[in-house]
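There are two complexes below, and they share chain A, which is joined by chain B in the first and by chain C in the second.
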Partner chain A sequence: MLVDLIQNTLDGLTIGAAYALLALGFTLIFGVLRRINLSYGPAIMLGCYAATWFHVQFQAGLLALAAITLAATVLAGAYVERLCFAPHRDRSAIAAMVASFAIWMQLEELATLVLPNHLYAFPALYEGGPLGFGPFTLRADALVMLAVTAVACIALQRLLYRSRFGLAVRAVIDQPVAARLVGINLPWVFVRVFALASAIGAMAGYLIVASAEQVTPMLGMWSTLKGMLAMMLGGLGSLPGAIVGGLALGLIEAHSQWFFGPQVRDLTAYFLLFLLLALRPSGLWTTTRSVS
Partner chain B sequence: MSALLEVKDVVTAYGKIEALKGVSLEVQQGSITCLLGPNGAGKTTLLMTTAGVLKPKAGSIRFGGNEIAGAAPRAIVARGIALVPENRLVFPNMTVVENLNAGGYPRNDKAEIAADVDRMMTRFPVLKERAMQDAGTLSGGEQQMLSVARALMSRPKLLLMDEPSLGLAPLIVEEIFRIIRELHKDGATIFLVEQNAHMALTVANHFYLIEQGKVTFSGDPGSLAEDEVIRRAYLGSARA
Partner chain C sequence: MDDYAIGVLTNIGLFSFLALSAYLLLIAGEMSFGQQAFFGVGAYSGGVLTAIYGLPLPLAALAAMLLGALAAFLVGLPTLRLRGLYFAMATLAAAEMARILFELYRFQREIDGELVGPDGTQGFRGIRWIFERGIEPEGYLALVWGLLLIALVFFVLVERSRLGATLRAIGQDPELARSCGISVERFKLGVAAAAGALAALGGVLFAHHNTYIEPRNFDIMLGVHSLAYALIGGLGTAVGPLLGVVLDIGALEGSRVFQGYRMIAFGGLVAVLLIFRPRGILDEKAVHWLKARFS
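Right, the complex of A and B next:
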């Protein structure tokens, strides 16, 4: 029983690490723009599809596939920013959200036009079996997932708290009018934050498809959904909250699956989420102050 | 004295509603110039237009002889105009030092920025005590000092101040006006928007009255009886 609980916790943290990365990207975009980008996941999906195409055509290696995923996702993210968010900057938040939904459909069709099958195989990071640690097992790609997430979080923290770009990003998140007044170029920050968020999302996407060893067009919706849920669970717009929310979502899913079975895993997990948000509407991690 | 800032026939609109209906005024080099008027007269709109946050529909704004109307805020800060905005607008989740560093954002002389941060700490000792605290935890008066210090970090030639006494206790208001006098003594040119006409007239070299988007009076303190200024600054002459 205890062994199972710990094993589930490990599995939950692993998938939670991927959710945390997805939520970090989502939160960065929400933080600076105060806009929900529904095309966040589909851009990641397109990145993974680009890599899949190279895999199918040229049997490209693992590192090359990771680089292609990253580059294509960043390009798709920049495309979404230019098309959906730049034109609606001072206007309706709804218009930007609806536009990002339209682009979602466009990105999905583009992916299925080039690779029409429902499912494509994606090369695994590691071919061997799971590694044993006493009574526990952990897959090698799970270790990679945890390590990449930890490194990404530390790097992001450094970037945001120790660089001029980070100062600008945090100023825009905190108080956009004052950010303009002190001379920060907001459009410049927006484009770079979109690229950064896409790169973080691409890392998550690549690790997820590599550990699932397959990719489907559903990855887009899945990434947007998990990223958004983890962000809301942690506390809207808070970066530490995104990490806490992602890990919590992973843990809730893993434990619900073990206690109530895989058929009702999502039903249980999302009911618990609903309950949690009803009790703590501002999320698990709430230190953000606002001064009006 | 020569005019550092010349505003001419400026019209700024929110959609179809014109908040400024052709405003003209001047701020002389080295002066404290005040703009007084009732709520909704267009005071904040004029400052936001001067700082580049709002784009004027018509008119000209010249700073040191150069046209700046419609330029981006970052270009205007770089030229030497800094705004202390209404309600202070500090960065609440950033420390006091980070707020000051953000104020120096347009500059790239790292050592000089650090020296200026130290200077601000000396000028505003309360900021030194709170250096590593998040700005959101500061009191209203402390946030106002921080907002002024942040604006000074860009080394402006002209400081625009929007209602610095708003919502502050009388003692803190005294303190803010003491700082305004001090900055002026050190050579700063200040364009001050205030609801508190009495306090404003104690520091002003020159003042303007704005009512319903138009300048309706211009003069030196004493050129109009103070109770008349105050009455019009709060109520507007239309309702008198």
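Right, the complex of A and C next:
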């Protein structure tokens, strides 16, 4: 029983690390633009599909696939930014969101036109079996997932708190009006943040499909939903909140799946989100001024 | 008319109820990601009432609408005080919970030697009230559009009345509306319940048109579609959402021109359209202009 609980916690943290990465990208975009980017997941999906296509055609290696995922996701992200967010900068948030949904449809259909089957194999990060630690097992790609998430968090922290660009980003998140008044070039920040968020999302997507060893057309919706859910659990627009929310979501899912099965697992996650929104809309992890 | 055209027109009518439901909340200033849940509540409850309990369709539709309104009221009670995205997320969570509950819902009875009723993820087969009564597709089409016309007339009457002005006032500036003595929360609850009933009516009609429904029908895709319909068509008039549905289901799916590329065409069209008309084709300005021109 205790062994199971600890094993579930390990599994939960692993998938939670992926959720945290997804949520980080989602939160960066939300924090800076105050817009929900529904196309976030589908852009990641397109990136993973591009990599899968290269894998099917040319048997490209792991690093090449990662680079292709990154490049294609950032490209798709740039397309989304130009079409859905740049034109709506000072206007309706709803219009921007619905536009990003429209582009979701486009990206998803494009991906399935290129690779029409329901399922494609994706090369695994590590071919050997799970590693044993006493009574517990941990897959090697889970370790990679945790390590990459940790490194990404540290790198992001340094970027945001040690560079001029990071200062600009934080200023825009905390005080958009004042940031503009002191002469921060908002479009410049927006475009770069979008690219950064897409890159983080691509990393998450690559690790997820590599450890699942497959891609399906569900990946787009799945990534958007999980990223959004983790972001909301942690608190809208808060970066530490995104990490906490992602890990919390992973833990909740792993434990409720073990106790009640997969359908109740999803039910629990949504129920907690609903409850949290009704009782404490600012999220579990609230920082000052991170929520307007 | 061939059967395909009748099918497309019936679908346009059905989904217009859902689009109107999203539209009603949008003009009251709330964006719901969850109207598909009430569409689903209508479809399931209406289907169970006619297929298992043998109720006539009109009665089942009324009961389903009541249930849809009740569900929307219960969801709205803790969430309507939330603003903007928080409300959108809360309704999304509620709708996904509803979809999972449909997946867990098993209620099968043997009717005429055949198992009928919701069977979890396997879906709900045999909602055949229309076919058992020998109602032709044309007849059903007329029924759907007749009901839609009634709903539209109702919308037009409301928009011309004091009620409509109150609705738009709340949508434009809830604080100002509150200071004018409007009880914003209670009003919004009423609007949410009405929108739930509207979506549920669409759901009942959908279930009886398809004869088969499954939980996947009521996923987030349907919800965001209904929002998109309302926003493309325009927030100026209740005809707007209808226009959105016609554009998507009618022009793109119905014409079969963009077969295989429908979503690429529709998606691009919507994104470009929203740059030029962020509140839809028939937005408030356009409606005002049309009214001034033709009255």
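Here is the rule we go by: the second predicted complex is superposed on the first by the 282 of 292 C-alpha atoms of A that agree within 3 Å, B and C clash if a C-alpha of one lies under 4 Å from a C-alpha of the other, contacts with A are read in each partner's own complex, and residues count from 1 in each chain.
In this section, contacts are C-beta pairs under 8 Å (C-beta built on N, C-alpha and C of every residue); 3 or more make two chains touch, one makes a residue touch a chain.
Here the structure is a predicted model, which is why all the values come from computation and not from measurement.
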- [ ] Based on the superposed arrangement around chain A, label chain B with chain C as either clash or fit.
- [x] fit
TODO: Considering only touches as defined above, state whether A:N117 meets chain B (first), chain C (second), both or neither.
DONE: neither
Open item on the list: So in the superposed three-chain picture, is A:R180 touching just chain B, just chain C, both, or none of them (first/second/both/neither)?
Closed with: first
Task: chain A residues touched - chain C or chain B, whichever exceeds - done: C
Open item on the list: On the A-aligned overlay, A:L83 touches which partner chain: chain B = first, chain C = second, or both, or neither?
Closed with: second
Open item on the list: Going by the contact rule set out at the top, does A:Q57 touch chain B (first), chain C (second), both, or neither?
Closed with: neither
Task: First (chain B), second (chain C), both or neither touched by A:F101 - done: second
Open item on the list: On the chain A superposition, what angle, as a multiple of 10 degrees, is formed at chain A by the C-alpha centres of chain B and chain C?
Closed with: 90
Task: Smallest separation in angstrom, by C-alpha atoms, between chain B and chain C in the superposition - done: 13
Open item on the list: With the touch criterion stated at the top, can you tell me which chain A residues are shared between the chain B interface and the chain C interface?
Closed with: none
Task: Complex contacts: residues of chain B adjacent to chain A - done: 51-53, 72-74, 77-78, 82-83, 85, 87-94, 98, 101-103, 105-106, 134-137, 143, 150-151, 153-154
Open item on the list: Please output the residues of chain A touching chain B within their complex, sorted ascending.
Closed with: 164, 167-168, 170-171, 173-175, 177-185, 287-292
- [ ] Using the touch rule from the top, collect the residues of chain C that touch chain A in their complex.
- [x] 26, 31, 78-79, 82, 84-86, 88-90, 93-94, 96-97, 100-101, 103-104, 220-221, 224, 227-228, 231-232, 260-264, 266-272, 274-275, 278-279
Open item on the list: Which stretch or stretches of chain A touch chain C in the complex?
Closed with: 36, 38, 83-84, 87-88, 91-96, 98-99, 101-106, 108-110, 113, 221, 225, 228, 232, 236, 263, 266-267, 270-271, 273-274, 277-278, 281
